[in-house]
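Each of the next two complexes has chain A plus one more chain, namely chain B in the first and chain C in the second.
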Partner chain A sequence: MPEGILCNKQPIVTDEQLKLTLGDKSGKQYYAEMEQLDVDTDKLWSTIQNTMKSRLKTWLNICAKCGLCADSCFLYECNDRVPEQVPSYKIHATLGEIVKRKGKVDNAFMRKCMDIAWSWCTCCNRCGQFCPHGIDMGVMFSYLRGLLFSQGFVPWELKIGSGMHRVYKAQMDVTTEDWVDTCEWMADENSEEWPGLEIPIDKEDADIMYTINAREAKHYPEDIAEAAILFHVAGENWTMPSEGWEQTSLTLFAGDWEGCKQQVLHVYDAIERLRPKRVVGTECGHAHRATVIEGPYWAGREDGQPPRPYIHYVEWLAEMLRTGRIKIDPAKRIKEPVTLQDSCNYVRNQGLKNITREIMSYIVEPGYFVEMAPNKEYNYCCGGGGGFNGIGKYRPQRNIALLKKREQILATGCKLVVAPCHNCWDAIRDLEEEYPMGLRWSFLKPLVIKMMIVPDHLKPQDEEGEE
Partner chain B sequence: MKKKILLATTGSPASFGAARVAFEMARRYDAELLLFHVAGVPKKGFSYQEVSDVRSQEAVQVDEDYMAWVEEELKTTYAKQLEECKNSRIILANGLPHREILRAARSEDVDMIVMGAHSGDSSASYSKGYPGSTLQRVAKAAKCPVMTVHRESASYMGGFSHIVFATDFSKQSESAFKYALSMAKEYDCEMTLFHALDITSKVLAQSDIEDKLITLRKRLRDVYGPKMVDFKNFEVDVWEGNPYVEIVKIARERMADLIVLAHNTRELDPEQASMGSTLEQVILRANCPVVSVNRPDKV
Partner chain C sequence: MYNFLTGPMVWITFLVVVVGLTYHVVTYIRGLDWRLDRVGYRPNMQYGLKGAARSIFFWLLPWGSHGWRAKPLFTLLFFSFHIGLLFTPIFLEAHNIMLKDSWGIRLPGISTGLADFLSWVVVIGGIFLILRRIAYPEVRILTSAYDYLLIVIAVSPFLTGLIARYNVGNYDFWLLIHIFTGHVWLLSLVFTRLNHVVLFFLTRAQLGMDYGIKRGGMKGTQMTW
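Entry: the complex of A and B
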């Protein structure tokens, strides 16, 4: 069969198609159509010839299949160390085969590749640190996902996710109107407790432009309020754009490279339009990777940088705590064993490992911070990265993937996990749901709000009633 | 005056008391009733097609069929009331219950939210990342008064005839007072202005207590007396003890059918706040609906 109504080689670009695909319960029809989907082998091969960089080719060629990368992969570890889960095996069995056969692969093979690309690898890039040749399977799998996406072999939720970005410029159906209204709402709802609190939209030449993860707007607007409160207390001159506020990129998880470029350009356009001195992104790992680390390349920016300095939330927060613009009440610091989830996307990928620990030093009573082992750039993926969290079809595999994180957390003896990444936060929440162990987890913002010293002039001016 | 009442319900027996009051009020006072229900809480970080059903906690795919089924369920559950209350609408949403209730209250510009104490609360672990009960969070942030009916026996049978207004003299109490007074006027009922002197944390000599009670009674009169203007049907009283116990006791003694008080907590952490909050305790123990007011709007 050529292409299905829902499962096909075209990305979703209209609201109508998006709703149609969404309406397909669990992607039943979608996956049924996928079984009939033709592979355009000529196109597949020409795409490979045109897009596969020499680095990837070299990697495929020089991999000695020595297996030194095996133990580095948490999926290998928590899947009973079956050889099929060894990183090099996974890539040779998929991308390697496609290249070897010059794109002449069939439908069943492509579906197998899809399963492996989205449920055997979270693109956490951990293996790359152990290979003597520096071969990074995360990068290879990202590339493979792109090939699969272009042929229509992508999990249902990620097809939708990529469509959301293309239709709504966000991973969820939040329109500009909804967004601006949500900001007004949050400013309003918190203005009594925080007199003078504002969420300025489209302010030009501010010191900071702030961008977020769309689910904050859709389901957890208190996250936006919390950011606003902290900017307010720190005395920041800040703003959020009415368009280009969505920093995440499910297109990245989907392998929709064209969509990635479009999405990041919305953000960059907002930066160019509002000319902030710098940009701060929310506590989200892949959002940071998408807009700060990979975004400049998608957007074709020659200097490899976003239009203005673009920092992760932890960098901003550490700066505020360091300079005393936000002060912590020592009496309110965390006084229970607490551990920290290092997000692959900004710790392994950008080296922001010490900055989160600096934050912990301010907010945790000395002696209570417990490191996971291993940690920092060697930390394991939360188990839900790379889109794994959201794909119904791979939920059983995802639940197994959580086990490594479970083991790591159990070993710390902590019940509280600080997780400054939306995806890690979700994975840990699901971990508690799947394997209850009495965990609690938190972003940084609510913790800091609870323990900061609020300057008197920012407190509500009401006479406390009690005699 | 045209009024809009938002009844936030899980459709479970825990919220029947609230439903009864809401429908009764809508009927009696010719208000529009919005029957509001959060069908599910998103389970995944993205692609929110999957939610956890608010009642069964099971994972379900949200689609038109599911939403239609939920609506049908609500219609059946409240068949009789809906039949009697012509001016009503059913509104469904997905998301975290407190957020969606507040969102709807705002977009529909409602005059009052009515809910059960556990209305829409989900015990599943995903909502644990955001502490506090649904009620706690709604009561704190709502711009309109929030009426809570904890159990069926607390749902009133007729109109309002006696309102106990409990104050701690806070700023929020002013709004609560305005609301209580306007209710008392509108429904022509008696009103008790009440303050409970908290003696649980301090050791006071009986004579000190007596002195304080006298001072506080005067304070009550001085603060609220002038504001009563031509409304005469009220008394003031101050009792000592544990505030929530005293509030519940006086409401019983006066056979009040409504308690009004301010939400008034400065505690930022809803989990902490819910522990010590007088409001929460009053709601759980009162034998009549309790209205909390936190803001000057809509009173």
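Entry: the complex of A and C
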């Protein structure tokens, strides 16, 4: 069978196809069809010839097979250091083999590549820092994912995720109407406690346009409310776009490069339309990477910059705390050992390591912040990055992957983890579920709301009366 | 044979090495693509060059990078091996005399004792690299016959040079083999993975630019990757 009904080489572009694929519980039919899927070897080889230039080609050829990348990989370490998990081996056994065979590989080989590309590598890019030749296996696996996606060999959830972006312009089926309603609902819901609280939609020429992870709109709307409260208290002139509010990109995890471009252009269109002075993205690592770090290139922007300055939430928050627009009540600072999860996607991949520590210095009583080891740009992936968290087929492998973070957190002796990234937050939540150790985890927003000093004029009338 | 290997063949080999390595450098740089690599090289050249220089510098410095510090003993082995491999042939007195005879120029020479020591470092280093490949499962799985061959190619001129120098067996024979393996060594810089003699600088520079431009450099964060 050349192409399946659910598993095929075409990305999902219609609501009908999306629902049909979603209806296939756990992707049973999808994966059965995948076993019959033909490989278009000519297309595979021509794609490689057109897209594999200096960097990737040289990386494959120059690898000295020295094995220095082995210890850099948390998946190698938590899988009993089996040699098959050595990053260099993983990429040469997959992409390297496809290139060696000039694309002439069969279905079974492509399925093996899929397993390795999505469950043996989270594209955390840590190995690249330990290779004398500067070979970044994360980048190569990302490239391999693109090849696999184009041939239909992609995990069920990510095929759907990519389809969601193409159909709904978001990783979940949140329509523009749902979205605007959610914002209005959140503003109403919190207006009693926060008089004057607004979630302005489509306001032009604001100082800040805020974008989020669709999970917030779908499952955690309080996260949107928390952002609104903090903007309100900081006195920001801000807005959110009715279209182009979704900053994440499951297409990035899926290797759907065309979908990546489409998604990021929705956000950039919103920026062009509303002309904010700058844009702030939510506490999410891959969203930042997709829209701010890689996005400009997908959109064809040669300078590598988004249309307006676009910062991560931690940068905005640090600025507010630094300038005193948000003040922390010293009595309410965290007074228990607390550690910080560095997100690969904005720490290793954009150097925001000091900003998060600056925030910790304001919100944690001196002496209580405990660093993980290793940390900052040498941190380990949370265990669920690169889409790993969301793929049912690879849940057992993902649960093993969590063990490194478990070991790191246990070594700090902390029960509280600050995780300013949706994916890391999820992984640490799952870590507690899989291996209970009494952990608590939090984004920055709720922590800061609990400990900030609220100016009197922003408090509800009755509360003021009580005081 | 001796006359050919020390005469016309030297010209041929040097020509092939210069042209071949230049070809590697030029094709590498020409093949960089801001869209495919997702690095805005041109508009952010200053950040890029700074990142490239940092990356090369810290990886050329023994224990200069986090990666080198993570494996201190391997780093010692690696640097000794490479220093011996590159310095000895360039500064060896005997080579300099030949250079002076044919081209009239000479480089500063090193003492025979130092040359011997460095050659031994290369030979022993090569043996350790081979043993390491056999002993560690994480390196063994990556290793093929080609990897051993490259070590043999790299070490041969040094081993044969030592044999000739100590006058073990027939001097003329070992000298000839030394010259022959020297040619193989040089030509391998072009045709095998030993091309990392130049590509190391280019791949490091590329990743350095990536970090210098996109992955933190423009945010003012210095990272030694």
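Rule of thumb we're sticking to: the second predicted complex is superposed on the first by the 462 of 467 C-alpha atoms of A that agree within 3 Å, B and C clash if a C-alpha of one lies under 4 Å from a C-alpha of the other, contacts with A are read in each partner's own complex, and residues count from 1 in each chain.
Here, contacts are C-beta pairs under 8 Å (C-beta built on N, C-alpha and C of every residue); 3 or more make two chains touch, one makes a residue touch a chain.
Since this is a predicted model, take the numbers as computed values, not measurements.
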Chain A as common anchor, with chain B and chain C clashing or fitting: fit
Chain B versus chain C as contact partner of A:Ile293, first or second or both or neither: second
Chain B versus chain C as contact partner of A:Gly351, first or second or both or neither: second
Partner chain in contact with A:Arg81 - chain B first, chain C second, else both or neither: second
Apex chain A: angle to the C-alpha centres of chain B and chain C, given in degrees as a multiple of 10: 160
Chain B versus chain C as contact partner of A:Glu192, first or second or both or neither: first
Touched partner set for A:His219, first chain B, second chain C, both or neither: first
First, second, both or neither for A:Pro436, with chain B first and chain C second: first
Partner chain in contact with A:Gly134 - chain B first, chain C second, else both or neither: second
CA minimum distance (chain B, chain C), superposed complexes, angstrom: 26
Interface residues, chain A side, partner chain B - complex: 22-23, 25-26, 157-158, 160-161, 171-172, 185, 188-189, 192-193, 215, 218-222, 250, 384, 389-392, 422-423, 425-426, 429-430, 432-433, 436, 440-442, 449-450, 460, 462-467
Residue numbers on chain A that touch chain C, as the complex places them: 51, 53-55, 57-59, 61-62, 64-68, 70-72, 76, 81, 83-84, 86, 88-89, 92, 128-136, 293-294, 296-298, 300-305, 348-354, 377-378
Complex contact set, residues of chain B against chain A: 42, 44-50, 61, 63-65, 95-96, 99, 102-103, 106, 124-126, 128-130, 141, 143, 167-171, 173, 198, 212, 215-216, 219, 264, 268-269, 295
In the complex, chain C residues that touch chain A: 27-40, 42-44, 55, 59, 66-68, 70-71, 74, 78, 136-144, 147, 193, 195-196, 199-200, 202-204, 206-208, 210, 213-217, 219-221, 223, 225
